[in-house]
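Just so it is clear, A, B, C, D, E and F label the chains in written order, and each chain counts residues from 1 on its own.
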Amino acid sequence: MAKDRYQRGIEVVKEFTVPEPNNPTGHMDIGEGFNDIAPDLEKYVVEFAFGDIYARPGIDKKQKVITTISALVAQGVPQIEMHVKTGLAVGLKPEEIVGCIIHLIPYTGFPRVLNALKSAQRVFDERGIKVETPEV
Amino acid sequence: MAKDRYQRGIEVVKEFTVPEPNNPTGHMDIGEGFNDIAPDLEKYVVEFAFGDIYARPGIDKKQKVITTISALVAQGVPQIEMHVKTGLAVGLKPEEIVGCIIHLIPYTGFPRVLNALKSAQRVFDERGIKVETPEV
Amino acid sequence: MAKDRYQRGIEVVKEFTVPEPNNPTGHMDIGEGFNDIAPDLEKYVVEFAFGDIYARPGIDKKQKVITTISALVAQGVPQIEMHVKTGLAVGLKPEEIVGCIIHLIPYTGFPRVLNALKSAQRVFDERGIKVETPEV
Amino acid sequence: MAKDRYQRGIEVVKEFTVPEPNNPTGHMDIGEGFNDIAPDLEKYVVEFAFGDIYARPGIDKKQKVITTISALVAQGVPQIEMHVKTGLAVGLKPEEIVGCIIHLIPYTGFPRVLNALKSAQRVFDERGIKVETPEV
Amino acid sequence: MAKDRYQRGIEVVKEFTVPEPNNPTGHMDIGEGFNDIAPDLEKYVVEFAFGDIYARPGIDKKQKVITTISALVAQGVPQIEMHVKTGLAVGLKPEEIVGCIIHLIPYTGFPRVLNALKSAQRVFDERGIKVETPEV
Amino acid sequence: MAKDRYQRGIEVVKEFTVPEPNNPTGHMDIGEGFNDIAPDLEKYVVEFAFGDIYARPGIDKKQKVITTISALVAQGVPQIEMHVKTGLAVGLKPEEIVGCIIHLIPYTGFPRVLNALKSAQRVFDERGIKVETPEV
């Protein structure tokens, strides 16, 4: 059954990723880089974060990524970039990702927002993504 | 034209509010409580936060409230309660609001999430709202 | 096996608690107050926070509580009070708890430390605990 | 000489306080409320925070309080109220205190600012202070 | 009139900048680097942050920069460097900027202060600025 | 006597450091890099942080480093790396340092923990340290 949670977690990771030929979990950091110092960490990421929390019904995939990105903008952590990719993987339009970050100006202030937009911009640039900009 | 931004802002406030008989901006704190010490504050809230940012196209009303609540959970500020009400006003289901907050456990940790759920619970209790809880 | 994780989690909760006659999990908030809006939350607290993380070998119980309290002081969340009780339950001396909080002055500044000491003082007062104060 | 630092610290505390008949350090919390659990804390507040840091030349008293208040607004800690009083004690005009807090909207977002203004408003109300509001 | 706010904003940006031959807004990041993904962002920075908030009377230019820097130190964001330059542009002495950052040790702890001083030092070094250090 | 505090501080710094041939304070950043802009900063670090706070009895050296690391993980500041080294210097086993950081997942969320583990991993790699990983 623990096996099951890990399996379910990996399935969920894949739903939030565009898999690559040799890398089924794609851009997603599931903690496997720490196998030398904390080999159980990957288990917590996969089983708990993905197998339990991301798998939870109630909100849809796009809402889950919006929720994640918004909290990371408020914290100012570098993981924003990874979750911009996750957002694209589940079908958020680039302008929705930008829209969420811009929406946070009144709540987190400009510096956090500008830093997050830089992460988003880097991802879009790498992938040749053009953002449809709204008329305002 | 500044008049226009204020007007537009007030319209947007109303879209995110269930208005009450004597209070068209309902539960929303637009800063009018500070007219004695900073009479221009209301203008910034209405014109900038609502007239510019909330009015911006690109994401829909529900996404805007999810974005807001998520950042506030990460910051741990008491305004969460007000934005739970805003979420209900734009048609977020209570279980979606709860779902977003629960989704943040891996990103902000349990304490911030538990404190935010307490705010949501208080709003639901006051209004006699029952939450449809997911099978997990 | 999920049953096992829950069971193990509850055992761990008890190790970090002084149980009370009608309340085996004592002062510990395991999320059961949210059964009406998020009945699965308790499961995550018990299974993941306690059954996985608190149960993890490598550091001892006192170190786990010191780690917890220190992070909560830095965040300024109200859960400090609960974890001061947890510290006492695992045998941390009141002066060790105070010592950890005081040690954080150069890292978090005075306001966070003073607010945390207030929480500790409240717990000590409620329980008639006298703190052995060091000669400095 | 340590005596000297303590003495100097107390002198500085008084410069930032409007002393009251039976309370020479006035509204200032210098940590003496923790004598039962951490009797050395007061020494660190007085000797280090005031005797070393507040006594440091380079910026003037008003600048010191502005600096302090701004950081506390960003952190969202309740000590803002005490430092609004400190600001008044060193001659900051109420509208300068409000002006600093309002200035932080683009950096910390509205919620932190609104919460800080509430603290300032409470102090002004208690003391019957009217704020000269700028034409904007 | 919106034109006016933008114009006023640009005027204010210039007051807080030492303009360079081909770059009237000098070191100031007004968001124009995001024209490809959020072309309206520059408008919010110029019109709201500068045209409304920086233009607000009540505190002077030096106080505005001190307020800004102090909040950024507390948040630990990289924009500190830009605002050290802004401080120099409005006539804050390097020792005043250093003095404000040092003053925050009791409020934000040493790490945030050391990181901010590193930003200030970098700006001073680039410009060959010598800091008059106080006798303490 | 101030001399004494500085001397005591330097002694304490050495207790938390593995000294190097030409560098008695080893890996420890005591602020001497800022002698050009704030020559008194080193004094505050040595006298206050080490001479007063680190020298304080009540908790032991290992507990002091655990306390420090935990707060830094919560804040997300880069000083974590230095204090991982400090932990090793006072005899914390690498698996204890990792254990503390992992223990924080439920309190600070995964991103802060992953970022801190990267710092620890870098220190262990540089020094050829193998971590004994627990069976879990």
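Here is the rule we use: a residue touches a chain if its C-beta (ideal position, glycine included) is under 8 Å from a C-beta of that chain, and two chains touch if they have at least 3 such contacts.
Nothing here was measured: the structure is a model prediction, and the numbers come from that model.
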Provide the labels of all chains in contact with chain A and in contact with chain F.
B, C, D, E
Quick check on the contact graph: shortest path length from chain B to chain E, in steps?
1
Report back the single chain whose CA centre is most distant from the CA centre of chain F.
B
Chain D and chain B are one sequence twice: same or different residues at the contact, by the over-half rule?
different
Comparing centres built from CA atoms, which chain ends up most distant from chain E?
C
Mean-CA-position distance for chain F and chain C (Å):
23
Approximately how many whole Å separate the CA-defined centres of chain B and chain F?
41
When the C-alpha atoms of chain E and chain F are each averaged to a single point, how far apart are the two points in Å?
32
Residues of chain E whose C-beta touches two or more other chains:
40, 44, 48-49, 53, 56, 72, 75-76, 98, 102, 104-108, 110-111, 134, 136
Based on the touch definition given at the start, go ahead and assign the chain network to line, ring, star, complete or other.
complete
Chain A-facing residues of chain E, complex:
29, 31, 34, 36-41, 43-45, 49, 72, 75-79
Under the stated contact criterion, what part of chain F meets chain B in this complex?
104-111
Contact footprint of chain F on chain E as seen in their complex
76, 94, 98, 102, 105, 110-112, 114-115, 117, 120-121, 124, 130-131, 133-134, 136
In their shared complex, at which residues does chain E touch chain B?
1-2, 5, 40, 44, 48, 52-53, 56
Can you name the residues of chain A that touch chain B in the complex?
48-49, 53-59, 63-64, 66-68, 70-75, 95-96, 98-100, 102-108, 134-136
